[in-house]
Amino acid sequence: MRELTVIEAVREALGDEMARDERVIVLGEDVGKLGGVFRATEGLYDRFGARRVIDMPMAETVIAGVAVGLAMRGLRPVAEIQFADFIHAAMDHLVGEAAKIRWRTGGDWSCPMVLRTAYGGGFRGGPYHSQSVEAFYAHAPGLKVVAPSTPADAKGLLIAAMRDPDPVLVLEHKRTYRAIRGHVPEGDYVVPIGRAAIAREGSDATVLAYGMMLHESLAAAETLAGEGIDVEVVDLRTLAPLDRETILASLTKTRRLCVVHEDTITMGLGAELCALAAEADVLDVPPVRVAMPDIPGIPVDDVLEDAVLPNRATIRDALLRLVARERSRSHGAAGPRAYDPAIPQASSIV
Amino acid sequence: MTASERERAYRALSLARALDDRMWRLARAGRAHFAVPCSGHEAIGVGYAVAMRAGVDWLAPHYRDLAALLVLGMPPRDVMLCFFSRPSDPNARGRQPYAHFGSRALHVLSQQGPQPNHCSHGVGCAWGSQLLDDGSVTVIAFGDGGAQKGEVHESMNVAAIHKLPCVFVVHRNGWTQSVAREDQYATETLVARAAGYGMPGIAVDGMDVEAMHVAASEAIERARAGGGPTLIDAACVRFMPNTSNDDDSRYRDRAEVDALRASGDPLLRARALVDAHFAAAVDVETAALADDAAEWAEAQPLGNPATVADHTYA
Amino acid sequence: MRELTVIEAVREALGDEMARDERVIVLGEDVGKLGGVFRATEGLYDRFGARRVIDMPMAETVIAGVAVGLAMRGLRPVAEIQFADFIHAAMDHLVGEAAKIRWRTGGDWSCPMVLRTAYGGGFRGGPYHSQSVEAFYAHAPGLKVVAPSTPADAKGLLIAAMRDPDPVLVLEHKRTYRAIRGHVPEGDYVVPIGRAAIAREGSDATVLAYGMMLHESLAAAETLAGEGIDVEVVDLRTLAPLDRETILASLTKTRRLCVVHEDTITMGLGAELCALAAEADVLDVPPVRVAMPDIPGIPVDDVLEDAVLPNRATIRDALLRLVARERSRSHGAAGPRAYDPAIPQASSIV
Amino acid sequence: MTASERERAYRALSLARALDDRMWRLARAGRAHFAVPCSGHEAIGVGYAVAMRAGVDWLAPHYRDLAALLVLGMPPRDVMLCFFSRPSDPNARGRQPYAHFGSRALHVLSQQGPQPNHCSHGVGCAWGSQLLDDGSVTVIAFGDGGAQKGEVHESMNVAAIHKLPCVFVVHRNGWTQSVAREDQYATETLVARAAGYGMPGIAVDGMDVEAMHVAASEAIERARAGGGPTLIDAACVRFMPNTSNDDDSRYRDRAEVDALRASGDPLLRARALVDAHFAAAVDVETAALADDAAEWAEAQPLGNPATVADHTYA
C-alpha cells in the first residue's frame, strides 16, 4: 500500500483538485517558485502557472480578503497563511466576513474559500512560529475548522474543504508534515467535514485529541495497553462544528474523559469538550485536560519547549490518574443513563 | 455623458435625494432605527454607476452609495425594505441595518460593518474577472476615513502589482464621523497615494456628476483594457450628520456646511445638464416613488424567529 | 447616596485618573470633540487638551499598536475601540504583542496599556455593532480581561486597569451605559482585578454572569425568589484570569451551575466555566448554559434580536429546569466533598 | 561622518560580518536552530545608529539590524547568547529565537515575530517622546516586504499627521523571502509612498554607509527639530538566503547575487573610508571577538523549566 507523509498528502490534494477544477486558485506567501516554506505547494507553480499559484505580498489581511472576494465570485481560492501565528491579521476577514456572508445576505452570497495554515510547536520556533489558534476560530459560527492528523485525512479533508460551499479553515500541524507517514488512497475521495474517527478502540477512558497530539495520545494508549489499561482515542478531525455524536457515544461507553491539546488550557478547545460532557452527564469521574499551561508563548529553548508541550509521558500520567479516580457518582439501579442528544441543545435558547 | 445618460443621472440623483430625505425624517421620528444619509455624495456614485456596464461590472459600494445602487437598478421599495430592516429586504434580510447593501443580481457585493473590508473583496472580485477573462470591471468605493485603514493599502498594492481590472474611488468628504481631515491625514487630498502604488490617480470634483462620469469612464475603460487600477479622489461635502444617531453640531459649524450645500449641491448643479421641465417632472415623480416605497415597506412583516439560524451554513 | 450610570462612572474614572496621573493618555476614534460615540470621554478634550485626548484615524491596528508603544515608553495609554466588533484588526497587537511583551523579554519590557471597548447587543445594531468578544481574549495568557456590570465596578475596575502593570482589556456592555444606574463612591478607589463578587446570595443554584446578563440574571433570581427558589448570582467582573476561588466556593455551596452570557454558546466563556466546575467535581447535576445560539451574528430586526438574546425569562426557565433536575450523583456518607483547589491545576502539565 | 565616526562605523561593519559568518556556519552545522544573516544590510543600520544619540534615541529594529545594535552597544557575547537562545540572553531570554532583539538599556524596542508589528510600537514610542518632550527620536526599520503590510500604512499616516519625531527606514533588498520585487510592489522603489502621507522621502544607496549616514542624519535632525517623520528607502542586496532554513537557489540566481556582492559589499566599500592598517587590525580583532562570543555563549546553560511561567504577569 502506498504511504505518504502528511505534507505529501496535502500536496496531492491540492494538485489533484486543481487539475479537476480550474476554479481552484492557490494564493499565499512563497507558495510559487519556493513551493511554500513547508513545501505544501511544491510543483504547483510549474504545473499550473503563476495565474493559479499566486505569490502574494507579506500582507495577511489582503490574502484573506482577496480569498473572500474570489470566493464570492464563484472561484475556489485556497489561501495559505505561512504560520498560524500570523493569522490574527486575517481574523476580521475570516470571522467577521467569510463566516457571516451567507447568513447576512440570507443566502444571496456565499463564501466557499479555504484557508490553510501550519500550526503547532515542537519545532524550536519559539512563541511566534509554534502557536495553536483553533480556539479563536472554533468560536465563529459560519466557519468550519478541520485539523487532520493523518496523511489520509489531510488529503480527504482538504479535498472536502475545497468542495465545501462554506469557508473552511484547515489547520495542519507542522510537526505532522514529515513525522507522520501513512496509507493514502490514490485518486479522488473526501473525508466528510464534521465527523470524528475512532483512532483506537478502548473501554476504560476516552482521549479526545487532534493534530500531533493524536499521535502522542496513541503512543500513550499503547504503553497503557501493556499495563492493562484500555484507552479509546478519538481523532476529532473537525473542530467546528464538533461531532457531538461520536464524542458522546465514546464517553457514554467509557465514562471517563481526557482531552489533549497543545494549546493553552484556559478557553482552549478542551473547555468546550469538558462542558459538552458535563452537560450531557456522561462522565463518572471529573474530566482531565492535558494542555499547555497558561503562558503567553512556547519558548524556543530546547529544555523549556519540551517542558511545556504535552507528550506521551504526560498524557500517560494523566490517564493513570483518570482511571484511578473513584467513581464520584452512582447510576442507580438502571445503570448508566444513555446519552440524550437533546440535553445540551436545550441549553441554548432557540 | 450622452443626453439620455444625463437624464438617467438626474433621475437617480433626484430619487436618491427623495429617499434620503424621507429616511432622515422617519428615523428622527423614531419610525426606524437608523438612517445613513448620502446627500452631497450622490454624484460620485451616479458618475461611476452610469459609466459601468450594468449586469456586467461589479460594485463594492461605499455605504453612502444609494444613488449608485439606484442607477444599477435597485427599486426604491427595496431601499426602503433595507431602511426598515425587513426580512424581505434583498440586501440585508432583516439581519443587517440599513446601508449594508448587497445584491448578486445587481452585481453589488455585500457590504459589512467594519470599514472598509469590502475593499479587498472588491480586489478579489476583480481578480476573478481577470482569471475568468470576462471583461468586467469592479468599482471599489469607500470614505476618506476608510482610506486610512491598512486594508486599503494592501488592497491597492495588490491591485497595482497584478494590474487588476478595478477602480478605487474615495468619497473624500473631509470627515470621519466627527474627526476632521487634519486628524485623518496630513495631505490635502489622497491622490498622491496612487503614485506610491504605481497606479494613476485622478482628483475630481465629486459634486459635479459630469466630471465624475468623465473620470470614472477613463478609469473603467483603462481597467477593462488591461491597464490596471486607478485611484479616484472624489471631493464632496457630507451635508448631513454621520448618521441619524449623530449630532454634528458638537464638532463642526453647521452654517459652514449649509453654505457649502447652497453653492455645491450636486442635485442642483445637475439640473443644468437637463431640461428644466424634465427635471421638475422627475422631482415630482421621485417624490411619489419615495413616499410609496416608505409606506409600503414599513407595512411589511418583521422577522420570524424560527428562521434566525437559516443560512448559517449551506 | 450619589448615583451614576455606567457611562458616567467610566467618564469619572477617566477624568479622575487623568488628573491624578499625567502619564494617562486617551486615544481612539471620535474621543475628542465628540466625546466618544457613547460619550465616555465627554469633557476630557476640553479639560486635558488634544495632546492627551487624541482623535485617531479609523485604523484599529495602529490604535492598538501605538498604545503598545506608548506603554513600552512608560506612558499609560487608554485606547478606545469604538465597537468591540471592530477589535479584530487590533488582535495581533493585543494577543500577539501586549500579552507577550513582558514574558518574551523576561521582564525587561512591560506593556501597561488599557483598551476599552463597547460590546453587546440589545441595541438594534445588527451583527457588526452588537458582538461579544470576550472569548477571543480570555484565551490569551498575559492579558487581563474585565467586564464590569455596575457603575461602581465600572469606575473601580477601570481605575485598577489604568494602574495595572500589565495590559487590560475592559469590556463595557453598551446597554449598561445608560440603563444601569447605581451608587458610585466619590474619589479614588480600585476594584481589584481578578475578584468576582456575590451579587446575590442564594443556596439552590449558582448563576455566573457579567455585563448586561448579570442584571437579567438578578431579575430572574428575584422572580424565582417569589417562587421559593433561592438563586446565588455571581458577578464575574474579571473574565481573565478567572476568580476560581469565589466561583468554586459558590458552586461547592449550591452544587448547581447556570452560566449566562450573550456570546454564542460553543467555545464561549461558559465552556471554561463548565469545564472548571466539572474538573473540580463540585456539581450534583449537569450545568446549564444560557447563551446566544451558534449563529454568525445578532440580527437587527426587533423580533429576531429579541429572540436570540438571553433575557430574564429564558434565564428563569433554565434555572427552573436546573433546580428540578434530580441529583445524578450521591455524595456517600460524608456529604458533598469540599472543593479541592489543587485538582484543576493538576490537569495542566507544569 | 567624522573620522572617528568612520572608524566606529567600520568596526561595527566588520564585527557584524564576523558574527554573521560564524552564526551561519554554526547553524548549518546544526549547532543552533536558526541564523538570520544580515550581510548586505549592515551599512543601513550602521548609518542610522551612528547618526542616533545612543542612550537617548530609540530603535525599533529590523531583524537584520545586528550592525545597528553593535553600534548602540550590544556586546558580541549577548548577540551569541541570542543566537543560541540561551535564557541569559538579555534580548529574548531563551524564549524567542535569534534576531528578536530588544533591550531597554540600549533603547532598542523588543522585536516580535509578525512583521513588522514593531512599526506602530515605534510610532507610539515617538509619540511618547513628543508627549514627554525629551528630544529623543525613534528610528523604525523594516523590510520592503514588511512595508506592504497595512501596519506600515497606518503607522506612517499617524506619524505624519502628528509630526512625530521618527524616521521610517525600509531595508529594500528587493525580496520578501522567495518573492521578487515585482510580486511585492509595482514601483521600482518605495520612496513615492512618502508623498502619499505628506512626509519627505529619501532614496539612498543602503550599501554606502556614508550616504546612509547623511540621509539618516538629515531625517533624524528634522524629526528632532519638530519637522516630523521621513521615509528613507535604502536599497541593498540580501547576500544570503532568507535564513539558514532557506534555499534561495530555488528562486533566484546565486551567480547574480554573488556578482552584486562582489561589486557592492558595504564592508569592502567602507574600507575606503578608513586607514587600511586600521581596517586590517579591526578585522583581526572582530574575528577574535566573534570566536570568543560564540564559544562562550554556546557553553551557557539551557533553561530551567521551573521558570517558564515567570513574567506572564508582573
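We just call them A, B, C and D in the order they show up, numbering each chain from 1.
In this text, a residue touches a chain if its C-beta (ideal position, glycine included) is under 8 Å from a C-beta of that chain, and two chains touch if they have at least 3 such contacts.
Predicted, not measured: the structure shown is a model, and the values here were computed from it.
*Asks:* Suppose subunit A were gone and every other chain stayed put; which groups of chains would still be connected through touching?
*Replies:* Components, subunit A removed in thought: just one piece.
*Asks:* Starting from the Cα centroid of subunit D, hunt down the chain whose centroid lies farthest away.
*Replies:* B
*Asks:* Starting from the mean Cα coordinates of subunit C and subunit D, work out the distance between those two points in Å.
*Replies:* Each chain reduced to its C-alpha mean, subunit C and subunit D end up 41 Å apart.
*Asks:* Measuring centre to centre with CA averages, how many angstrom lie between subunit B and subunit D?
*Replies:* The mean C-alpha positions of subunit B and subunit D differ by 44 Å.
*Asks:* Which integer distance in Å separates the CA centroid of subunit A from that of subunit D?
*Replies:* 37
*Asks:* Centre to centre, by mean C-alpha position, how many angstrom separate subunit A and subunit C?
*Replies:* So the centroids are 29 Å from each other.
*Asks:* Would you please write down the residue numbers of subunit B that are in contact with two or more other chains?
*Replies:* Touching at least two other chains: 87, 92, 95-96, 100, 112-114, 148-151, 154, 157, 161, 183-185, 305, 308-309, 312.
*Asks:* Please list all residues of subunit C that touch 2 or more other chains.
*Replies:* Correct list: 56-57, 59, 61-62, 85, 88-89, 92, 96, 100, 103-104, 127-128, 141-142, 293-297, 307-308, 350.
*Asks:* For the complex, give me every residue of subunit C touching subunit D.
*Replies:* Listed in rising order, the residues of subunit C that touch subunit D are 25, 51-52, 56-57, 59, 61-62, 64-75, 77, 92-93, 96-97, 100-110, 141-142, 144, 165-166, 350.
*Asks:* Taking the touch rule as given, give the residues of subunit D at its contact with subunit A in the complex, in rising order.
*Replies:* Within the complex, subunit D touches subunit A at residues 33-34, 85-87, 92, 94-97, 100, 112-115, 145-146, 148-150, 176-179, 183-185, 245, 250-251, 302-305, 308-309, 312.
*Asks:* Going by the contact rule at the top, pick out the subunit A residues touching subunit D in the complex.
*Replies:* Going through subunit A, the ones touching subunit D are 29-30, 32-35, 37, 55-62, 83, 85-86, 88-89, 124-129, 293-297, 299-304, 307-308.
*Asks:* Could you please specify the touching residues of subunit B with respect to subunit D in the complex?
*Replies:* So the residues of subunit B in touch with subunit D come to 148-154, 157, 160-161, 182-187, 190, 192-199.
*Asks:* Applying the document's contact rule, which stretches of subunit A touch subunit C when the two form their complex?
*Replies:* 61, 85, 88-89, 91-92, 95-96, 99-100, 103-104, 127-128, 135-136, 138-142, 240-242, 264-275, 277-281, 283, 285-297, 307-308, 310, 314, 318, 321, 328-330, 337, 343, 346-350
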